[in-house]
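Following this line, the structures themselves.
Common to both upcoming complexes is subunit A, partnered first by subunit B, then by subunit C.
After this line comes the complex of A and B, so read on.
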């Protein structure tokens, strides 16, 4: 994904390291880096989160905002569902190759991936709940992600941040009334309650899947690849797994070579195991972020807390 | 902005500022690097620490690019092969240049480089290769001219690169260290640090072909672990803003042995180790 060019000696060092199960930074093939997560950082949005995967304050950094809007139904659209619109943008300050039009391709790739994970029946979100009045009005959730820094594993960071943003999303309450007009026809009308206190959390967000991205390097694979490892990745596979341990999306990318079928089966099994660990880790971080958001003033400040905060 | 109210009383130095912070409005001061003046007030133009030498006020940035000096030992990455020269990324404002005439040919043959040498430049250095070089001179536009005319300079292999802040790597007598743990470290003054398996110099001297070889020596898992530990130690020193020298690396390495390599970059462990190193360095003076 990155434009980093490594020397043949460095490539060989990384590949052999992965094959012997000992990566350049000392991690094993399935070890992940540290995560920082914060929610509710954009006050104008209905839900927001920022996630960084990486150690000591350097890593891939993604900011996600969710904005809910009421849309009126137009003929041809599905009758009783809301919709989710994703948009991922890679900031030119994240990496040199994103400057100018350089980020276009990766923006489209990530937007499609996010859309595929969220906009289907497997996403866990009940889109019917986003419908206000069938054939009349529905909620549109605009999910806008901004990639602020790239140090490998951009997809997993994006999914973490999006999941946290949607979990922290709450929609204004909507009152639906049925009134009859002069002709005696019954007509439904709705009113969005304009009270910042009167909000309902988005239903089903905790059922959203988490993603695990595998990078094939040499004859083996790793999760949470670093920038250098991505430069020697021959094939990439993202597996999204729901909290019910169901695989709900798979996407291949950066294919310079195919996956051998035996490796693929092994990866899918590993994905479920790692997803279970990741979901627990996500929950801890999310709960932390939530309590941090409410009691920011109590946070003790030490000389190096800036490394974990944003 | 207490400074503005009582400029004479407060020492303006040793203060951390961000771009746009007013440093002083006392007309007695002159503005130096990292500052600009507007309406008779001196503002900081970078994030860093205010320094004052007599009446000259400057701001030393926390983060800066490498600015080369002749004689510096650096590590660079080839970005482009051009006519009779390579362009080298040296973590500076512009790429450095390595002229074909400033490299040693395999076997130490001394002769003028011919057209056939020019055609096979990629067999010496190709894009992406890491070079260990010395700054020979400046070009008119300020770009650095490098040379690798010594047996210890040349292509780097058998290890991994760590990128650090250039201001943390002080210039010293020696930049090539063989640590007691059996790892070679090249401390590039430009902040690029090469950590590799120890290969005796005699081996390279005996086989001239090795200077431009892309092949790694066999590296065992134990050697990998030691290299990774040293690399992570340098990484954590860098992030905690501690000077990176052979002493600080060796001390951090010894202090880190209690932890598994993969935990070294975890926040709590890194903070603890870095504080130990800082205390040790202070004690050493």
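After this line comes the complex of A and C, so read on.
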């Protein structure tokens, strides 16, 4: 998405390469780059994760923090569910064009995409579990993503990081008491237990979908496009697939072209296969990150460990 | 004495107060067929008129093309400005920008005057669905701008589809070079059944909505959006059905545009 200027010769090289099944960095058209994932590095947040696709310095880097807050219910809102609020911000350090108001459009696009994937029954999260007392109080999960570096495939990195952050999220326990007054009216009250050990993980987070983004280049398509490949991408299709292999969201992007229906059918079929592979890969990386986190938990966390962990 | 004094600046309510009646029952709009007795795959009747805004003044500020579009209760208007001088003076291709605004009174709740983030996103969606149809390479250094106002909305996905159709008609009115007109149609999943062109009440009762924009002659799908969970087979089937609906909408737009030439 970052606008890199390529010469016509370079563009032609990439397009013809993709059409004959070769990519400039040696990958096949459906191969993804290496991923590194870390969770729980932000102590103030209820859940956090940092995901990088590609190598250090030449990869896309996204940091996600989940912060839970108790909100009081106001008339007009749904009565017995919690809510999720997403916000994505592209840091000006990631690319020059994000300076000033330059990132506004991409921020809106990514925020709405994340919201479309997460906010609703398609996310797999049980929003009813986020309700504390119906018509009185509920949890709001603020999912804030910071894009630190952009080298292609920003949507998939964002979804990986968000998924890991939500899976590592745990909420404080809430005690609900029902008190009856002398008139016989029942009134519910709640108390958030202020014990850092007494936490419950977010239910249903392992059902969250994973996204696969296809970039149409020439007559063919690739997944996990690099920065150069994105510069020649004519159209982009993001498909979010749940672990049960259901399609949770589809969104097309890119101004230059549309998809021929036959290619679209092929992409939707490929999406499921790749999503299955990605989910296994995600699990390995997440379990690794988890064990890494617990083994280092007793060490003091400093700025340099934040860097070294990556 | 004192109870006779009435504050005339205040609107005094009635003496007796009555508790409001709440609706607790969720109405199922599909309980007995569709609310407006349409078939499940039937699109609401369409009305198009091009050029409602260009004829009003001959000043330089008049748009180069415009259209008004109705689909059932949905009313959308669109004005096209351009091709005019673009911001980038060395651009090889022209740019297409879109601005989308719900009128404050267009929905069942009051919309804000300020542009909200969902309006910004819809503007982006419109750009992505229309731009592939415009021959932007024949407008170097130029920009084409579309301004869409929703006067009345009924179903979010259906309103976006209506906006796409409206821009297509307005672009043709402005004489912009196009590969093909873009026609769009939306669907919603209710239980196991896909229902075309849903109103707000129908959309609220559904679990998934799908929007397809298509260039029927070029056979290219220029936009695809799914919000909600389905099986892959359901999605494939819906894209197919929606594409067929697009062709029907396209026929209506084309017939109108041809009639304006005669």
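Rule of thumb we're sticking to: the second predicted complex is superposed on the first by the 295 of 310 C-alpha atoms of A that agree within 3 Å, B and C clash if a C-alpha of one lies under 4 Å from a C-alpha of the other, contacts with A are read in each partner's own complex, and residues count from 1 in each chain.
In the analysis below, a contact is a pair of C-beta atoms (placed from the backbone, for glycine too) under 8 Å apart; a residue touches a chain by one contact, two chains touch by 3 or more.
Computed from a prediction, not measured in an experiment: that's the story for all the values here.
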Give one of first, second, both or neither to describe whether A:19 is in contact with subunit B, with subunit C, with both, or with none. neither
Pick one for A:250: touches subunit B only (first), subunit C only (second), both, or neither. second
Just checking: does A:77 make contact with subunit B only, subunit C only, both, or neither of them? Give me first, second, both or neither. neither
Identify the partner contact of A:99: answer first if only subunit B is touched, second if only subunit C is, both if each is, neither if none is. neither
Taking the superposition on A as described, I'd like to know which of subunit B and subunit C A:27 touches: first, second, both or neither. first
Looking at the overlay, what does A:6 touch: subunit B (first), subunit C (second), both, or neither? first
Where does A:260 make contact in the superposed view: on subunit B (first), on subunit C (second), on both, or on neither? second
Set intersection of subunit A contacts, subunit C complex versus subunit B complex: none
Can you list the subunit A residues touching subunit B in their complex? 5-10, 12-14, 16-17, 20, 22-28, 31, 33-34, 55-58, 228, 304, 307-308
Contact set on subunit B toward subunit A in their complex: 77, 79, 126-130, 155-161, 214-216, 219, 221, 224-225, 228-229, 231-232, 235-236, 239-240, 260-262, 264-267, 270-271, 274
For subunit A, which residues are in contact with subunit C within the complex? 104-105, 108-109, 111-112, 116, 120-122, 235, 237, 242, 245-261, 264-265, 268-269, 272
Subunit A-facing residues of subunit C, complex: 96, 117-118, 120-121, 124, 127-129, 131-132, 207-208, 210, 213-215, 218-232, 235-236, 239, 243
